[in-house]
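In what comes next, chain A is part of two complexes: it sits with chain B in the first one and with chain C in the second one.
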Partner chain A sequence: MTFFQLIRKNLFRKKLRTILTTFAIFVAFAIFGILATFQNALNSGADTASADRLIVTNKINFTLPMPIAYASRVATVPGVKLVSHANWFGGYYQEPKNFLVALAIDPQSYLDLYPEYVLPPAQRAAFLGDRGSIIVGEGLAKQFNWKLGDRIPIKSNIFRKVDGSDTWDFTVAGIMTPGSTGVDVNFVAFHYEYFKQTRSFGGDTIGWLILRTESPKENERISRTIDAMFANSPFETETKTEQAFNKAFTEQLGDVGFIILLVVGAAFGTILLIVGNTMMLTVRERTNEIAVLKTIGFTADSIFRLVIGESLLLASIGGLLGLGAAYAASIGLAAVSGGRFGVMAFSPVTALIGVGIIVALGLLTGLLPALRAMNLNVVTALGRK
Partner chain B sequence: MSEALIVLKGIGKRYKRGKQSVPIFEHLDMTIPRQDFAAIMGPSGSGKTTLLNLLGGIDRPSEGTINFDGKRMDNLSENQLAAFRAANIGFIFQFYNLMPMLSAAQNVELPLLLTKLGPRARRERVKTALAVVGLSDRARHKPSELSGGQQQRVAIARAIVSDPKLLLCDEPTGDLDRETAGEILGMLQTLNRDLGKTIVMVTHDPEAARFAKRTLHLDKGRFSEKDLNA
Partner chain C sequence: MARTLAQINAVTSMNLRSIPSRLWTSISTVVAVGIATGVLLSFLAMSNGFRSTVKGTGSPDVAIFLRKGGGGELNSIITREQVQLIEEAKGIAKGPDGKALLSAEMYSVVDGIKKSSGTKANLPLRGVGPNAVNVRRGIKISAGRMFQSGTAELVVGRAVSKQFKGFELGRTIRLASQNWKVVGEFEAGGSVFESEIWSDIAMLQGLYRRGSSVQTVRARMEDPNRLKELLAFSDADPRLKLDVKAETEFYANQSRGISDLILYLGWPLAIAMSFGALAGALNTMYASVDARMREIATMRAIGFGGLPAFVGTMTESLLLSAIGGVVGTLFAYLLFDGISASTLGSNFTQVVFSFKFTPELVVQGVFLSLIIGFAGGVFPAWRAARVPLLAAFREQ
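Up next is the complex of A and B:
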């Protein structure tokens, strides 16, 4: 028998109680892990944003359009290296539940601006050469079983074609892969020119401009110049870094981070009480045994380690099972969501924070009972029969 | 070896009860020779358990000195006392005080967790101790699967497994029927006679005291010695 075995046997003495407590810890850590996964997904856009990219949107709201002429005017601002534009299509595939991030883009400049959306050269050339073609993210291609050359119908819940239909047919010309981890390619993109000519309304207007600056240091000045250029026009603009834009976009969903913090805080507050109370009860029940251990020569130190070891073991079992379940769930969620909410991943940082909380929980819940056990007076404890 | 195992000199012990300080012992002297088997009798509240606590290094005297094996122990620190108890004293209680979730063998092994012995040496020691108390065939039983007498035998095995010089027993047969009590007391007698263990045993039962070499009567913190076996 080892010291650790003694701790383990102590922990599993009251099996039902330990299982219930472990389950409470498990649930709290599973909630934490899954919510952290969601938060990672929401932040993934901001994390992979490039520092030298700016986004120009309509000042009133980024969903409102701007004239296409803005693209060439912005290109004249000193320090702007490259300009592209995109429109929101509001697309879905077959059924509304298969919602798609679908963009009408200026192909050449857009792909130049986003080198992290990787296309093999042949596919890139095919896309640029065919106005009726589309490029799709690899996750979506897999999910909907799209192959190169397939004709796929994409519906819009905003736009209608000139002929009254809501369905655009595209040829799959390329399948995008992410250039690095965290890059989100779960979208489809097609030619703006084709979209403009086939849609029944909207004219020659675009959703937003993307531009590359010569250096992030120029961002401030360029933003101000652009917004000043269109001030007092019917379409005033707001220029932000891509990072700020992505963040603002996420915040449309409410302050998710704060809500997550509240939920996780409540969950951990609750188990702190539950586990702390259980440990306190446990030590009180064992007063006599602890006195016996001290009598036969266990030092105050070793009694302290015996109790704190038990609370750490309890927190570790429940916590690691919970984190494991959250990890498994994140894989499932990533598959189900198809990346539509960003890159759904259980990050190493989440795991590390989780382990940190496990240790903190074990120490916090064990501290008082351990101190109490270690300071137990043997004479009085053994005296009271 | 003629030197006594334990010498108490001028022991005073007081407990605080509220503002009052209640004296249990005043100027108590006592000598326990090596290989003694002393029974301590006396009315409830006379200080028998308190005396065992002092002898075993669980409690410290308010005054006086205690020498164990030629060394002073009344001024040791808490940690030193813990080490002293682990090395020198075996405790046997009225209610056995075994760990319910551990098997008999594991209960016996408990004091060895405090030593540097390897797993094999420990297993040997446990085996020997269980053999001495005649429970080799019950090694894997939990305390709840053993009778009171068997549990007390496991407790004795636990007390002797680290080969201490002194065994302190506080009413070891107080919870047992006469026949079983006789077995336990016979076993203590054997440990004293054949293995040379010094034993101090508190008991209320004159029959039990007969198994000892001598009986000390404690009353109001004082001894009146009569050698019943004489």
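Up next is the complex of A and C:
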């Protein structure tokens, strides 16, 4: 019988107890994996942000507009390579509950600035060539069954057309796919020029500017230059890196991160107790047996490894199953949510942290019983009864 | 019958008195059940607090006029001419000056800095006239005074000054490219209005270059039933065609999204954690039965029935989880009751709310712990009831 077989036999001696304990561990790691997936989704904006992109918004609040003339003035700042702009549309499809992130953009520069929104060359050309067209994320296309060439009505809860209607009709010219994992393409975008000419108010204003700098090292200086340029004007600006902007946006949701930490911490505290307790029970029950093992020549060292090995195996089985279940759930959640909360993805980092915690859990819960088993005095143990 | 009862009594008391010999296992069950209960209760209290803040906002006899299809106050726009038309509507109560009691208001978003995290968050800056307080009920200046029209003065809701930096009385704060003096703090019965900053509407219209347009109009109705008349009035006039809602209904709709989210996250989590705690409870109870195999078998041999063994084990399990439930509830209550938090409400601005425990929540928590206790006790108890007599002689 190999050492590992001995550990395995020990672990499954009391099947019911082991199954129950494994289940408890499974639950904790499934909770951990799913909550981490939520957290990733909320942070996906900040994580995939490019270091050389800056966002310029109205200083009072990012929901307020600024003149479109700012785009050309910002372009003259040394170190700025490319400038584009976007405007929030407050869009929805058919009913208000089908909320859409819809943006009126300057098509050419916007797509150049965001190479991670991938469009086949033919679709890109079609979009750039037709003012009344729209590009949509692949998830949304699937959700609402939009095909290339479809005419789709997009409603706005902010803007009105000159004729008083709140519905703009667009031709689907392209379907965007994410260029790498974590990139969020769950939005639609159309030509700002067309939007400006058909809306009844708003004039020559835009929502925000996006620009690419020559190098992230220049970001500080460029931000300061831009904000100084518009200081004391009716539309003061605030320039931030894209990452800082996205992070500030999720922070508005409040103490989500703290709550997640709290729950995961509570779940693990419980599991630690249950598993630790089971291991203690197991070793106590086997006092005689361990004494016999020692008598027939097992060293204290190998006894220690025997017990630690058992707790590690226990933690691994439950933990890996739990992480696996969280992975499966994340795929399901991504499909169900349609990207409304960002990109639901079970990241390799989450998996790695999970495995780290599994090892820590196994070591921690096994340590005390293993020490006790190792230091067991054979004579007292066998004499005890 | 009487004998069975006496037996149950004896076995149960033996069970309970033997708990100290399984102290650590028993404590771990208590703690596991406690944590599961505590997590559930803190989520429920959060959801409950948010809902009661948002739902407690507004009165049924205040009608709110918004642009059609706009949804929130932020997206709405109403012209000066439309406000004048609304003044003519029947069913609106008259103020002391004999004019219709209505308040035309501007609603904009400014940045505040959260005290807890030091991060920026959207705060609503509402431009109001003198009638804002008359139309609403229960707005009370709790410190300082009301702002003076035509000056750069602000009053802030109690929740704002508690949660955000720089809103202390007498301080000057820069918002919307303008330095403002904080001259007062107001209470609004714990409603959403306490998360708002109020200033003079004319000042804001000037700052935002809005001319004479406003965003919403609130009107006090003679009684809540006049809403239909106002709606008909607005629909009949092509110059109006506005959405008209009772203020209570307006805020009730807004509360749904977020509190549902908290609720839908809280229950599944609590259920998952309960299963974890259940596994712990089962382990403990099986260990309890196993440790007393000989004892139980001996009792069976001298004439005790299976039922007392079952009840004894069951009682032990229920007692342990009930203690866990009570401890968890107490902890959650001490840690979280009354704690303030803020999150993004559906108007795209922060809503400050407090965690709120109610007796119903506590009942739900204890109920959950008893379910865990029952499920964790029933199988071990069944085993205890069917211990073979031979086990009495088995070497342990």
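Some observations on this one:
Convention: the second predicted complex is superposed on the first by the 371 of 385 C-alpha atoms of A that agree within 3 Å, B and C clash if a C-alpha of one lies under 4 Å from a C-alpha of the other, contacts with A are read in each partner's own complex, and residues count from 1 in each chain.
Rule of thumb we're sticking to: contacts are C-beta pairs under 8 Å (C-beta built on N, C-alpha and C of every residue); 3 or more make two chains touch, one makes a residue touch a chain.
In this text, all values refer to a predicted model and were calculated from it rather than measured experimentally.
After superposition onto chain A, the partners chain B and chain C occupy separate space and fit alongside each other.
Of the two partner chains, chain B is the only one that A:Gly383 touches; chain C does not reach it. The superposition of the two structures on chain A yields an angle of 90 degrees at the Cα centre of chain A, opening toward chain B and chain C, reported in steps of 10. By the touch criterion defined above, A:Leu20 reaches chain C but does not reach chain B. By the touch criterion defined above, A:Leu6 reaches chain B but does not reach chain C.
More residues of chain A are in touch with C than with the other of chain B and chain C.
Of the two partner chains placed around the shared chain by superposition, chain C is the only one that A:Asn61 touches, whereas chain B remains out of contact.
Of the two partner chains, chain B is the only one touched by A:Phe298; chain C is not.
Shortest separation of chain B and chain C in the overlay equals 7 Å (C-alpha atoms, whole Å). Across the complex, chain A meets chain C through its residues 16-17, 20-21, 23-24, 27-28, 30-31, 59-61, 63-64, 90, 96, 155, 157-158, 166, 234, 236, 248, 251-255, 262-263, 266-267, 269-271, 273-274, 276-278, 280-281. Chain B makes touch with chain A in their complex at residues 49, 53, 56, 58-59, 78-79, 82-83, 85-87, 91, 93, 95, 97, 99-102, 106, 109-111, 113-114, 158. For chain A in complex with chain B, the touching residues are 1-3, 6, 9-10, 12-13, 288-289, 292-302, 378-379, 382-383, 385. Remark: chain C residues 24-25, 28, 31-32, 35-36, 38-39, 42, 69-72, 74-75, 108-111, 116-117, 119-122, 175-177, 209, 269, 272-273, 275-277, 279-280, 282-284, 286-287, 341-344, 348, 350 touch chain A in the complex.
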